[in-house]
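So, here come the structures, one by one.
Presented sequentially are two complexes of chain A, the first with chain B as partner and the second with chain C.
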Partner chain A sequence: MIHVILITFLITLFYMAIANRMLTYIKILAFQGLLLFVIVFIQLNEINTINLILILLETIVFKSLAVPIFLNFILKRNKITREAEPFVPNFVSLIITTVIIVFTILLVNSINDPYLDKIFFIVALSTLFTGVYIIVSRRKILTHVMGYLVIENGVFILSLAVGSEMTMLVNIGIMLDIFVSVLVLGIFMNRIGNTFEEMSVDNLTNLKD
Partner chain B sequence: MLSLILIVLASIFFTGIIIRTKSIASGRKGPGILQPIKDVIRLFKKGAVYSNTTSFVFQIAPTIYFASVVMAMLMVPFGQSKGLISFNGDFIFFAYVLALGKFFSIIGAMDTGSSFEGMGASREALYSMFAEPAFFVLMGSFALLTGHTSFQEIFSTLHIGSYLSYALATLATFVLVMLAMIENSRMPIDDPKTHLELTMIHEVMILDNCGFDLGLILSAGYIKFAIYGALIINLFIGMVPYEYAIAAFFVIQILMAISIGLIESFIARFRMSHNTQFIFTLTSVSLLIFFGVLMILGKIV
Partner chain C sequence: MFHYYLIITILLAAGTIINRNNTIRILLLGAFLVLQTTLAIYGYSNLHKEEFSFFAYDSLGVIFLGVLTILSYTTIIHSYIYLKSRNESSWRQSIYFTALILLIAAMTCAYLASYIGVLWVFIEITTLSVAVLIYHERTHLSLEATWKYVFICSIGITFAFVGIVFLSKALSETGSVNLSFADIPQHLKNANTLWLKLAFLFMLVGFSTKMGLFPMHTIAVDAHTVAPPPISAFISTTLMNVGFLAIFRTYSLMANTSIQPWMNQVLLWCGILSIFVSTVYILKVSHLKRMFAYSSLEHMGLTALGLASGGIGYFAAILHMVLHSFVKASVFYQIDQIHRTFHTYIIRKTGNYFSKNLVGALVMLFVFISITAMPPSGMFVSEFLIFRSLFESHQIFILIFVLLFLTLIFWALGKNIFKLLFTPPIDIEEHKITPINPWESLSQFLLLSIAIYLGLNPPTEFVALIKESIILLPH
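So, the complex of A and B:
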């Protein structure tokens, strides 16, 4: 069962590589949050109530509800165009994502560590790399936030890869990261949106002190 | 032998069901389910008119296209019973005999000298080129999983046991359905309803064919759909006894036809430039299947 969900997670990465509209990205992020909750719920053997509530808060409430709604709000408020506008064609993105995943599988396969759950490690690493790739290949600031969120999802799975226990400290750290990044960048973007019309990374290069 | 009869039976009603579903979904009554076959019979009674600019290639192309599809049909097994032709590595032959037919339909289209048909032919070639790795990676991983290399042996030894193999079978079904849509130029890739030359793929290639040749091409299309349906069904009916398997065959074919009709009714055609990336997605998914198979075999991770 856990493998099925992990494979689904990888397929969402493919979908993200070829997605055209900002709304699709947001939907994929929400879906990934849901998948993460199911993964944790199946994977963790012994789980105390506080920890479960924390994870529930993090995955379902934050990743699947709060962040997508907030990003959607930013999209609407700043009248950002619907298309994602990547630097490279989506087709190239898809090939690169595929190469990333195949490369990760080959890389992880060469590791000999009995304490490491390799399937989790594969999914975690490829999610991390794909997140980085999404950040460098997309033009809008909002897509950068989304790439960052994908990286966070990767870190989340990575913490599952190294042990069957989810430490609360890691959880709180990830939660803080998401909260700060989305909130700060969201407010930042609202501010920019009040001043400039178009919001792309290219404008940042024109900034002078 | 059994698979041959079943596929021919399925191909008779398959396209009719798709058209009927689309009619009902758009609020019309629609033609009867056997209407496509009646059309083909009417076309078979007619002669053919050939343009003066075409050569013999244009005249033999539809026949070879039809023959290649029939050849491919002979190779599809049904559960335990073999197809009429069955040998080691026949899935490679299957793919390439279909490719041969496609090649002839492409050069037949080029032979007319019409710019639109050349354009459609180039698109068809491009999409088949991208669809081919998906099919080979998929069948290759199943061959690896079962340790056999012919359709019948692969499908009859394919056991669906753990959750992982359920996931792989689902993914394989997805890939095969999408391949069927690409091979037959149906909705997400190509819209059979539109008759704007600039956006057509398969329809524009057969603009100059008429009469008997058109009938051959149309009936080859119907058979192709049923072939892919039979391949999908084969994934699931390895050891099932015949009486259930035959019932399952028709149920799944009808369900597939209805779902294709619904997809065509409610989804818009992709932009031309997005088609290649969509088709390449199939290859990516097949690669996931490949690694999943390696995982089952314990060769990796």
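So, the complex of A and C:
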């Protein structure tokens, strides 16, 4: 069951590579949050109420509801065009995502560690690298933030794969930090939207020697 | 003590953001400085005491806490002068000082954190609070720099978190789940080396956003360009100390495992590439603050080399960080005065500073001597020790390259600083030049003389603290 969901997660990455409209990206992010909740829920051996609330907050409330609504708000407010405008054609993106996944499969298979849950690691690392790829291959600032959120999802799966539990306080700190950084990024995105005609990284090339 | 510090800091920050009265603002800032000093003194007199179960006064943390406390005084004074000279509105001043208080508190917590997760959380908070300060001037350029800073720091810090996850993977296989700095090394002896290597690589890349070391140095340079000069002083000194502390702690966690030679190789390459990049850019730079930002990159590279070559290099690396903090802070305070004199940061449009502001020009001359590590400067001692450690670890070729690059940097810095000091400027509007109060330079003379004193005749307590922080490293 859990492997099926993990593979569904991988498929969302392919979908993200070829998605054309900004709204599709937001929907995929919300869906990924939902998948993460299911993964954690199955993975949990014993259900502790505080832990459950924390996970609910982090996945459903934060990843599937708050962030997509916030991104949608920014999209509407700044009248961003609906197309994602990648630097490279979608077909090439699809191939590169495939190459990333094949590469991580080879990498993880080369590790000989009996305690390793391979599918978890493959999904986590390929999500991480696909996030980085989305950041470098897209022109819009909003897609950059989405790439960052994909990386965060990858890190989330990775910490599940390792399975060690950090102290509750640290967990809360990490969650708050990510939340605040998305908020701060959103505020600056609005500023960029107000200052420049178009929210594109082409406007951000004045600082150089 | 520590929980009082946290509570009072939050209260003072809240007071600063609500308050609009200038006198009350000065009183609040004064109270914060007293609090910060009390914590530093308390920390030094209660070494190794654990606080709040997540923090401890360990020796390296206390050294950097002391540096931060001294620089807080000067930065707050120079921030006050800076804001006054720009006639900022009361509301903008409140935001500025609140962010500054939170930044100082976040750095203090990062220095004293005794768990790697806690360190991570506070490093992220420093990013968020310094972003407000970088954006202070609210121009297009500062928007660009702040965006890049927050975005790349967030990604970097995420990578560092991946590194922590790998580290805990390595630990969980040995049966330990405790991620405190004191407990990790004992469990790492039999850990899987692949996980350790991955952990070190990810954490080095992640924390190098803060330290301004090679792979992620660009954002720190861009942030310097637009940040208010007193904040540049912080980014270049205490914030880089945070990054150094994180990398140093990571290094010393794994220093007694079999991957230590490999880690040294990685750090060596980071260091040499940092120095190389800074040489290339410093030769063609035209912006005064960017020039000193690249000089910071060079010094971080030297520190990484010291750490990588071991032996006396560990000692020299920490000493170099401390001395660099004092010298670089005084540079940026002085740059604020230069900017107020000429109304520009472009070196070409300045000149003959000696006739405009004699005391400030003297500071600049001393800065040149200090930053290029000429003998009376304290940094001569630390750089010399770093070179000695490189020599002793048989890295002769790297040493030759480093010396070659340093000569080029010396020439470039000399060319630009002497242009600023002596060459008469072309088409400058003399009536626009504003005179500067000579007393404003007092803090810079004090900081530069502290750097000379600590380098040439370090007090035994200071040496003992540094020696204690490197006691776990192999010799």
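The rule is short, and it goes like this: the second predicted complex is superposed on the first by the 194 of 209 C-alpha atoms of A that agree within 3 Å, B and C clash if a C-alpha of one lies under 4 Å from a C-alpha of the other, contacts with A are read in each partner's own complex, and residues count from 1 in each chain.
In the analysis below, contacts are C-beta pairs under 8 Å (C-beta built on N, C-alpha and C of every residue); 3 or more make two chains touch, one makes a residue touch a chain.
Just so you know, these numbers come straight off a predicted model, no measurement behind them.
**Q** Per the contact definition in the header, classify A:97: touching chain B only (first), chain C only (second), both, or neither.
**A** It touches chain B, and chain C stays clear.
**Q** Is A:181 touching anything from chain B or chain C once the two structures are fitted on A? First, second, both or neither.
**A** In the superposition, A:181 contacts chain C only.
**Q** With both complexes superposed on chain A, which partner does A:16 reach: first (chain B), second (chain C), both or neither?
**A** In the superposition, A:16 touches no partner, neither chain B nor chain C.
**Q** Is A:151 contacted by the first partner chain B, the second partner chain C, both or neither?
**A** second
**Q** Just to be sure I read the superposition right, which of the two partners does A:119 touch: chain B = first, chain C = second, or both, or neither?
**A** Touch status of A:119: first partner only.
**Q** Give the label of whichever partner, chain B or chain C, reaches more residues of chain A.
**A** C
**Q** Answer with first, second, both or neither: which of chain B and chain C does A:109 touch in the superposed model?
**A** First partner only, chain B.
**Q** So, A:30: does it touch chain B (first), chain C (second), both, or neither?
**A** neither
**Q** Can you tell me which positions in chain A touch chain B when the two form their complex?
**A** 1, 3-4, 7-8, 10-11, 14, 18, 20, 89-91, 94-95, 97-98, 101-102, 105, 108-109, 118-119, 122
**Q** Quick check: in the complex, which residue numbers of chain B touch chain A?
**A** Touch list, chain B to chain A: 163-164, 166-167, 171, 274, 276-278, 280-281, 283-285, 287-288, 291-292, 295, 300-301.
**Q** Inside the complex, what are the residues of chain A that reach chain C?
**A** Those residues of chain A that touch chain C are 111, 113, 115, 128, 132, 135, 141, 144-145, 148, 151-152, 155, 158-159, 162-167, 169-170, 173-174, 177, 180-181, 184-185, 188, 191-192, 195-196, 203-204, 206-207, 209.
**Q** Can you list the residues on chain C that touch chain A in the complex?
**A** It is residues 54, 115, 117-118, 120-121, 124-125, 127-128, 131, 135, 140-141, 143-148, 150-151, 154-155, 158, 161-162, 165-166, 168-169, 171-173, 177, 179, 192, 194-195, 222, 225-226, 281, 284-287, 290 of chain C that touch chain A.
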